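What follows is a set of structures for review.
Here come two complexes built around chain A, the first alongside chain B, the second alongside chain C.
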Partner chain A sequence: MATMKKKGPLPGLFIGGFLFYMLLPIVATYAFSIATRWDRTILPEGLTLDWYKVAFMDRWFLIVFKNSLVLSFSTVIASILIIVPTAYWVHLRVPRARPILDLISTLPFAIPGVVLSLGLIRLYAQPPLMLARTPAMLVAAYVIFTMPFMYRPVVNSLKAVNIKVLTEAAQSLGSSWLRTLRQVILPNIMPGIISGGLLVFATIFGEFTIATFLVGARYKTFPMQLVYYTRRDGRIASAYSVISFTIAWVSSLIILWVAAWGAKRTSGSGHSIKDKDLQINIAGDQK
Partner chain B sequence: MEVLSNKQIKNRRRLLDWLPVLPFLIFCLAIMILPLFFMLRGSFTGSEGQFTLEHYAKMKASIYASSFKNSILLSGITALLGVSIGTIVGYFICHLKSERAKELVTALCDVTSNFSGAPLAFAFIVVLGSNGVLTLALTKYLNVDLYPEFSIYSFSGLILSYTYFQLPLMVLLIIPAIAGLKKEWEEAAHGLGASTFQYWRLIGIPVLSPAITAGLLLLFANAFGAYATAYTLTEFRYPLVTLQLGFLLTGEVFRDPGAGDAMGILTLLLMGISILFYQLAVKQGRKWQQ
Partner chain C sequence: MSYLVLKNLNKAYEGTIAVNDFNLQVEKGEFISLLGPSGCGKTTTLRMIAGFETPDNGHIQLDGEDITSASPNQRGMGMVFQSYALFPNMTAWNNVAFGLRVSKQPSTVVNKRVNELLDLVGLADDGHKYAAEMSGGQQQRVALARALAIEPRVLLLDEPLSALDAVVRVSLRHEIRRIQTALGITTIYVTHDQEEALSISDRVVVMRQAVIEQIGTPEEIYVQPQTHFVATFVGTINQFPGILKDSKLGLVACHSGDLNLFVPPITDGKVQDGGALTIMVRPEEIRVNKIGTDHDLSNSLDANLKTITLLGPVTRLTLEYHGQSIFADIRTVDRHRFDLNKPVQLSFSREACSIMPKVELSNGDN
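And now, the complex of A and B:
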């Protein structure tokens, strides 16, 4: 065949080099966390779980882990409550508001965490409004910061099911607006909400920047403690990093899996729940 | 009782329809729009409340100017690295024979594009710190001493660690564009006597160019706004815009609020323009991916 060309070593070289670069830091960190000593020799001198024991025994571990869990869950719930009903209503009744919402939900991409923190502190940290440095304000900032992650999958789900027909059918049977949302619409857009929720959860669990500036030492989070240990004790830092990585990749894999499940459920509708742009933009808001 | 015409009733219903959207709009106004608006105002306001450009004039001072220079350089270099290597890797991934391998590498990109911030910075210290795994291996087996010329805590270290989260992002962005390059086009071009070079110059690159432009812009913004990775590696020692802003922000007493505002606004401007043109480029690129 004319189009079949000899491939040569280039593809293997590039993909191999790419895999090496992407995997080495992860693998090394996992190995480092279970190595007795690994700063004099090429391979670890021995294996141990002591660093995890030391990390878990530290009284701060439970505090920061709990704080980060509380922040992540609160943000997911607040984000669902603020975004889902609004997105549904707009898609059903106020199509003219759609471009406005699309625009607003894109803005956070252009606002780095440090700039958002600066704005909030400048506006809300002076008396009488001493709100800026509270965990509640942190959750509010997080809802803004992660808005595209929740909004886009939810909107894609809304587009994938015919909400107008579903709503009219439910209402003709006497269902109220809220009941329709809860019992008819929600189950249909669940894949979008789950994808969005996981994305928000994973992002917030690893978020360092905004948390440091808004609440700082008053409400220590898991990433703050991790940064602290990178300067104090590399062994404990490695245990923290491994936990962080693990949460990030488990969330990513569940998101991929949910996306596949959602695509199967709504196949043929022309819209996929997992939005390519979103997948691209999720990159990093923990940077 | 007032009598309403049909039209008035309709208008009234239309207004009422907006009511449920209000809580969301007010929330965004309070937490996002207003703080940024006051930042904009603050950047033009002097100590006596008068209009001034002095805060922007301060940006010419060495520390602010070098922060912008370094941030733009770091973002630009890692965006270029990410785009060029990412496009080639993406091309080879698309041409992998096994569907399974293709899926696995794509999933790896998906997962690793989420690894960033403090854990990533620490992972790079494990690999390339002064006693890092790779540092030791290079010394022992290849007799190459990375230190002191290279340091993970310096500009070169920042480039390496930033490229780590840039690269998989580009691969994810370029794969759909490359998948849009139809095999038939290549066959047709060759059938008409085009060389491989001509095919790429006249068909391949033009079709991929929206995605490549989008990649450059997105990756630039992605790196420009990054904070945690750089902070973990360098603390405040290396002048970058986000680190400089963070430095101004730490401490209960604001060091120089006006300069902070001006820096924040310039950052938003740069990021906003990048993201805006990124989205235009993505829209351009969609035409080919239908």
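And now, the complex of A and C:
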């Protein structure tokens, strides 16, 4: 901090500019969602919560909210079930395959959503799958699409604790694979799983492209409703955006909190009573 | 038949031989150390006993039963790791209880046993602590209690004290021995620290480059090393290469005949008259006196005192004899009797000499 001050106003200017650039659209969206009218004046003409009322009262609101929740949760659970055991096994038993898995896990970043969707439709529409245009297929696509978000934090957690030795210690005490995974490995990589889960959750909750291509209006999601309103009334769309932001932010806060808890736990000292309680709950193994 | 039998164990990794034809019989209640430099195969051997590695060939028998291919969680062997390996998500108490819960012991048994064991390792009041809240020494005590909780058929320890500081290391190694003796538990202990191995074991297995060099009691290993490597790896030893002149007299000519030394008569034909051999003498067997004052012992030579190194209760003198360095240990209280760069008389008995056939004067093995 002291060195920054010595360098004069330039760093402050950059940081200020960056914050302004990042925050302006969000602040504007908030303001727009509570403005009575804001197209003839510089500042909003008046304030109201009516647009939130319209958003919440819409007969579609609960449906799309529920649909998006179902999709997000299903994706989180499916990706935990697929990615966590795979990452653990590869880490423990086939370390040579690690670079391959690392590469595969970054592929979704390289493939645009549209390309992925079209490819998946062609594949899943054929027998024996016949899953095209179903929410199940959408979840399958989402697991691929969000793989990096789940894989990375889980692998980092696996690296942070000495998985191999812990597994061997549990085995020497007579523990089976399943028990070792459940009682020793999972509790210790839980920060990674929670971070990954929340990243996946937040991403899927706001995802529009793949959902539109794969299932479209058959299974309307929250972002689809948001896009529908942008074509009708920007203020209601803004209210939808704010609700969506809020969900993403709450997720981020939980991620930060979990990450801090994980860091504290591996660093050694400085446990508070709360930490301990949490650890015991997650371990499910109290005396 | 012995309790634990390791028969012709072999293990190679991608062409590199890690363990080569390892044979060992361990009696019930025995404390065995596997001693050797890093990469000698001692840990691989231990991991094969634990079941974490499968031998390429050979057999492991425990109490008459072949366990070569049994999975680690079926073997009933408690293991203590160098890195402690406590489960970070559990308290010390729950760590110790883990194995008992796995074997579905009733909670009254678990409670009683865990408390007993924490008491045994001196941590009765620390059961609520997590690994991160304990010192290395405490963590390793918990790990020991955890391994003992399952009443293991064999206790395996993989360099358990290497990560600890010197004082804790010494006190904990005595404690391990005390507990092992009290419980009469068969124990295999891996270490690269020769002092540790000598001080706590019933028998020591010295390994080098995947092969067993010598198996023996600590005394046998130290006093009667069977190979050049054992002699030099365990403790410090002085070497005098020479030619055997007379096996009945035990006369050896060293330094091209400038120095005649006497060793015990060689009757086993290990070396023939005229054959090359190396005489080995421990520094503590060498007596140091003023020139021409000591006539009691068979072997005597004059050397220049080069350095004086205080080691604690003993002080090590480094002396030079015709270009060869010789180490001699004296009592630290006697250290002022000698002056640097002055000649002194070294003498040692013939019984203090052990001989190795045909070994060059070098420490190249280390």
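Quick notes on this one:
Note that the second predicted complex is superposed on the first by the 250 of 287 C-alpha atoms of A that agree within 3 Å, B and C clash if a C-alpha of one lies under 4 Å from a C-alpha of the other, contacts with A are read in each partner's own complex, and residues count from 1 in each chain.
We adopt the following convention: a contact is a pair of C-beta atoms (placed from the backbone, for glycine too) under 8 Å apart; a residue touches a chain by one contact, two chains touch by 3 or more.
Just so it is clear, the model here is predicted, and its values are computed rather than measured.
Of the two partner chains placed by the overlay, only chain C lies in contact with A:V161; chain B stays clear of it. Look at A:A170: by the touch rule set out above, it reaches chain C but stays clear of chain B. In the superposition on chain A, no contact is made by A:T134 with either chain B or chain C. By the touch criterion stated above, A:L120 is placed in contact with chain B alone, chain C being left untouched. After overlaying the two complexes on the shared chain, residue contacts for A:Y240 are found with chain B alone; chain C is out of touch. Contacts of A:W89 after superposition: chain B is touched, whereas chain C is not reached. Once the two complexes are laid over each other on the shared chain, residue contacts for A:T230 go to chain B alone; chain C is not touched. Once the two structures are overlaid, the count of chain A residues touched is higher for B than for its counterpart among chain B and chain C.
Once chain A of one complex is fitted onto chain A of the other, the partner contacts of A:T48 are absent, as it touches neither chain B nor chain C.
In the superposition on chain A, chain A positions 276, 279, 282-283, 286-287 are in contact with chain B in one complex as well as with chain C in the other. Against chain B, in their complex, chain A makes its touches with residues 2-3, 10-11, 14-15, 18-19, 21-26, 28-29, 32, 38-42, 82-83, 85-86, 89-90, 93-94, 97, 101, 104, 106-124, 140-141, 143-144, 202, 206-209, 212-213, 223, 226-227, 230, 234, 237-238, 240-241, 244-245, 248-249, 251-253, 256, 276-277, 279-284, 286-287. By the touch criterion given at the top, residues 161-162, 165-166, 168-176, 179, 183-184, 187-188, 265-269, 271, 276, 279, 282-283, 285-287 of chain A touch chain C in their complex. The touching residues of chain C, counted against chain A in their complex, run 50-52, 71-79, 81, 83, 85-91, 93-94, 97-99, 102-103, 130, 132-133, 143, 146-147, 149-150, 156.
Contact residues of chain B toward chain A in the complex are 17-18, 20-21, 23-25, 27-28, 30-32, 34-36, 38-39, 42, 85, 88-89, 92-93, 95-96, 105, 107-127, 131, 133-134, 136-137, 140, 164-165, 167-169, 171-173, 176, 183, 186-187, 190, 218, 221-229, 231-232, 242, 245-246, 248-250, 254, 257, 260-261, 264, 267-268, 271-272, 274-276, 279, 282.
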